[in-house]
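Scroll down for the structure; my scribbles are underneath it.
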Amino acid sequence: MGPVSLKVNDNEILVMIGPTGSGKTTVLNVISGLVKPDCGSIVVDGIDITALPIESRRIGYTFQNPTLFPHLNVVKNIFFGVAKKRSGKNEIEVEIKKLLDDLGISHLTNRRIQGLSGGEMQKVSLARMLVTKPKIILMDEPFSHLDIPTKRKLRLELRRVLRRQAVPTIYVTHFEDDVYSLADSVSLLQNGMIKYTDRLESMLIRRQNNNPTFGFLSNTLSSIQGNYLEGNVINSKGGLTTFNVGSHLLEALGDYSVGSKIGILVRPEDIILSREVVKTSARNLVKAKVAEITSYDVGIVDVHMIVDAFHITSRITEEARADISISQGDDIYAIFKASSPQVVREE
Amino acid sequence: MMGKNLHGFNLFIIILSGIAIVYISYPLVTILIFVEPSKLLDSLSRPQVGSALILSLVSATISTLLLSLFGIPLSYFLARYKNFPGKFVLRIIVIIPLVLPPLASGALLLGVFGPYSPLVKTFPGVEFTQSILGIIIAQTYVASPFMVLSSQSAFESVDESYENIARVLGKSRFETFFRVSLPLAKTGIVIGSILSWVRAVGELGATMMMAYNPHTISIQIFEDNAIGGLRNAIPDIMLAIILSIVAILIFYAARKKQREHILRFKW
Amino acid sequence: MELLKQMLLFLTNDKFILFAAALSFAIAFSMLIIGGTAISYQQQTSTKNGKVFVMYAASLIKTFETSLRPSFEQNTGYKYTGEGRGSVQIANMIIDGQRRPDVFVSAGTIPIMKLMMNDSNIAADKQQEQLHRPLAQWLVRFASAEMVITYSPISRFHLDLDKAKKGELPWYQILSEPGFKFGRTDPELDPKGYYTVIAAKLANIYYKDQNIKQSILGQDRNPKQVFPEETLKTVLESGQLDAAAAYKHEAIARGLPYITLPSQINLANPAFSDFYKKASYTLDTGETVYGEPIYFSATIPEITVDNLAGAISFIGFLLSTSAEHILQNQGLNYIKPIIEGQVDKIPFPIRTIINEIPAPR
């Protein structure tokens, strides 16, 4: 496979996305040293590490499977990569305690790993890796074995934790929503080669402009397609959060701190269209202009709309579209419930 | 209907198992026929018997330790390094001591360590044959497949990703071997050690060639039988059986622990 | 409590375990080397407390190990180490360089004669001045043995065999019965084996019946009859065999009943030496063994002896009255020692002892 060329900046997360078998894990294996490349070089922090043995590379790498050592308990696992030093012990301890609190696993320290849940194991695996203070972090589909609610919760925390480490991270996945949740930049890997690399914002802009490359991106992935919107939290009370996207006020479920920026995903299937303003139980209604209508599947169409500066897509049956006569250029209202948006990012 | 099927199957298993058990245990009944309780204590308190037993235990222990020292790295090599030219040949070589009749092994070893071999010429002071060293050489050779094959299997069952993650976390190959591979393979290796030890104690054919004297307990049984027939050998045999029972108990305890080990490690 | 915890933590610390394991291996290994060397040096130290390694015909195992050994050790202060095997096998092992005994006691004289004729080519490389010297140069005959038919008291033929013992039935008839299981040792490995074949051939001549040997023994190395020396008696006692060829002293040692054979065929009487010569057996190696009275003989193999003084002491003991009593009790016939081979090569002390022994009492 290859050639592959990647560049990640400090304090940033690159999400490498691609279908199963595209070689994502191999890329990580080469960077970590588990697999030898035929040619090329790896430079971390200005130092060429290509010739270094695995153990000297100061790389953090979590496998898809947490791979916690069965013969050690949680705390021994976490400290496995740390060389015990006499001096500065107390400072290290305080720091680590903070990390464990952050991840929410402080209560697990003396437990055997055999009793942990999937989510707990991934957290321990993460802690074990972070504790070694790596210069670069590699993560291989850490949440693929978890159920969706756990995964979503962990993913939110993950970005927070990774940003605090302030080292470059490469996160490999085949789920598109991981991109929205975690990425600062995105790379698409297909058949062993990088087909596309961009920063997230640029990618979103391109999408708005209907860049065919992005369409290609969406179509190759096995996950849900989503409408990604970002906004600032205005108000959050009683499980309902109001945030503004551009000039529009939208509502989503959950409690988030006022003033923080959140990113949400709304599924195209969840957006209902109406020719007029109607009062429904749905909390969100925005005015939009139909930019284009494309065919998604037999009898199903995607209605691409523009709302102010951003772009959303609704997926309805052809029959429904014809029923209310929606066509390109029309003014239309997009409606969705407060429960539809999935908050994928919070900072 | 289902119940009826199970019943037939149970019967089938029980009958065959029963036959196997009877087959194995019936020879032990012979002991009861031939034993002379009055002479038992006298026979067992002969100094030769005690020293033969101790010699067997000590030499078997040293042999097992030697096998651990050299056999475990070999088994790791066989388990991990798959793309080695001539690997097939190596696998065959490792099994040879298992396949050779012990007397043949003994004769071959004698060729290497016998009084007129080049090895003895290099180390003129050392008695390789007819000595404890000879016993250990014979036992080590014959018991080696048990250690190597068990340990190899144990290492193979250790997922390489554990070793990989240890290295990624900054441990050298040495540290990874001692802190991850070995502990995870521990129970299998222990079982291999026990089997080697038991085989070493029971060893006769090769020992007879390499070191008829000083007598190990197996040779003592052999000689007592030659002198006075089964009656004469029964006390030693009973001693050997008691030893076997103890070894088997330890073996089962270790195996039970291994099963628990494996169950816990499943993701 | 905290201290204990700290200690435990230290003891289970991986580095400590590593260190301990490495240390114990190192100790075990060096013990091995030191032990091996020490033992060998001990064996080469002063002959007074040295050991004497005796290899002897397996039929003598009970005699040697239970009676002769304690007596020898008590009388002389030497330590005895013994190994009993078929005499031919012992000779082969010496020739092949697999064993280096101080004394070789053989059933019959032929195995030792084999050593006397051997050119010791294995020793040639090692000790230049010993080129072309034979492995042994002399032997002394010290006792004679008698062939008998020993049988199992639980054999289904035992009533008939009891009658044969009393002379009421011809033994060879019973042995020829269909289904009779007879056992003997391998004529290629064991003198008793070829003596059995020779005795059977002599029976043909003596009873004037050419079928006897074939009907009792079948082929010379009949796999159904041939057993290793060590297991023969056990197999007999367990009832798997009805009878076996043995020396009288073996049957007595094992407490088994036996049938005495006529002097003309039992290879025990020197008076019938000429008659014995009428039958023979040819070994695979080409040598032909002729019937002769069975003498137990002994030698000190020149090339392989380690403890010469000890070896001399043992042979001297073997020829002494204490040994004589032991051997006779076990069923061996004591004879006036006769020397064969190069008389001048016999160590002086032994020659003296032999000369001083009067004729049989």
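Points to keep in mind about this one:
Each chain gets a letter, A, B and C, in the order it is written, and its residues are counted from 1.
The definition used in the following text is that contacts are C-beta pairs under 8 Å (C-beta built on N, C-alpha and C of every residue); 3 or more make two chains touch, one makes a residue touch a chain.
None of these values were measured; they are calculated from a predicted model.
Across the assembly, the mean Cα position most removed from that of chain B is the one of A. With centres taken as mean C-alpha coordinates, the chain found closest to the middle of all protein C-alpha atoms is B.
With centres set at the average Cα position, the gap from chain A to chain B is 55 Å.
Centre-to-centre separation between chain B and chain C, using Cα means, comes to 32 Å. Chain geometry summary: the mean Cα position of chain A and that of chain C are 86 Å apart. Listed for chain B are residues 179, each touching two or more other chains.
Multi-chain contact residues, meaning those touching two or more other chains, do not occur anywhere in chain C. Residue ranges of chain A in contact with chain B, taken from their complex: 32-34, 53-56, 58-61, 63, 65, 67, 69-71, 80-81, 83, 114, 128-129, 132. Taken in their complex, chain B has these residues touching chain A: 159, 161-162, 164-173, 179-180, 183-184, 186, 264-265, 267. Within the complex formed with chain B, the residues of chain C that make contact are 14, 18, 24-25, 28-29, 31-32, 35-37, 39-41, 43, 53, 58, 61-62, 65-66, 81-84, 97-100, 122-123, 125-126, 229-230, 233-234, 237-238, 253-254, 304.
Per the touch definition, chain B reaches chain C in the complex via residues 62, 65-66, 68-69, 107, 110, 114-116, 121, 125-128, 130-133, 136, 178-179, 209, 212-214, 222-223, 225-230.
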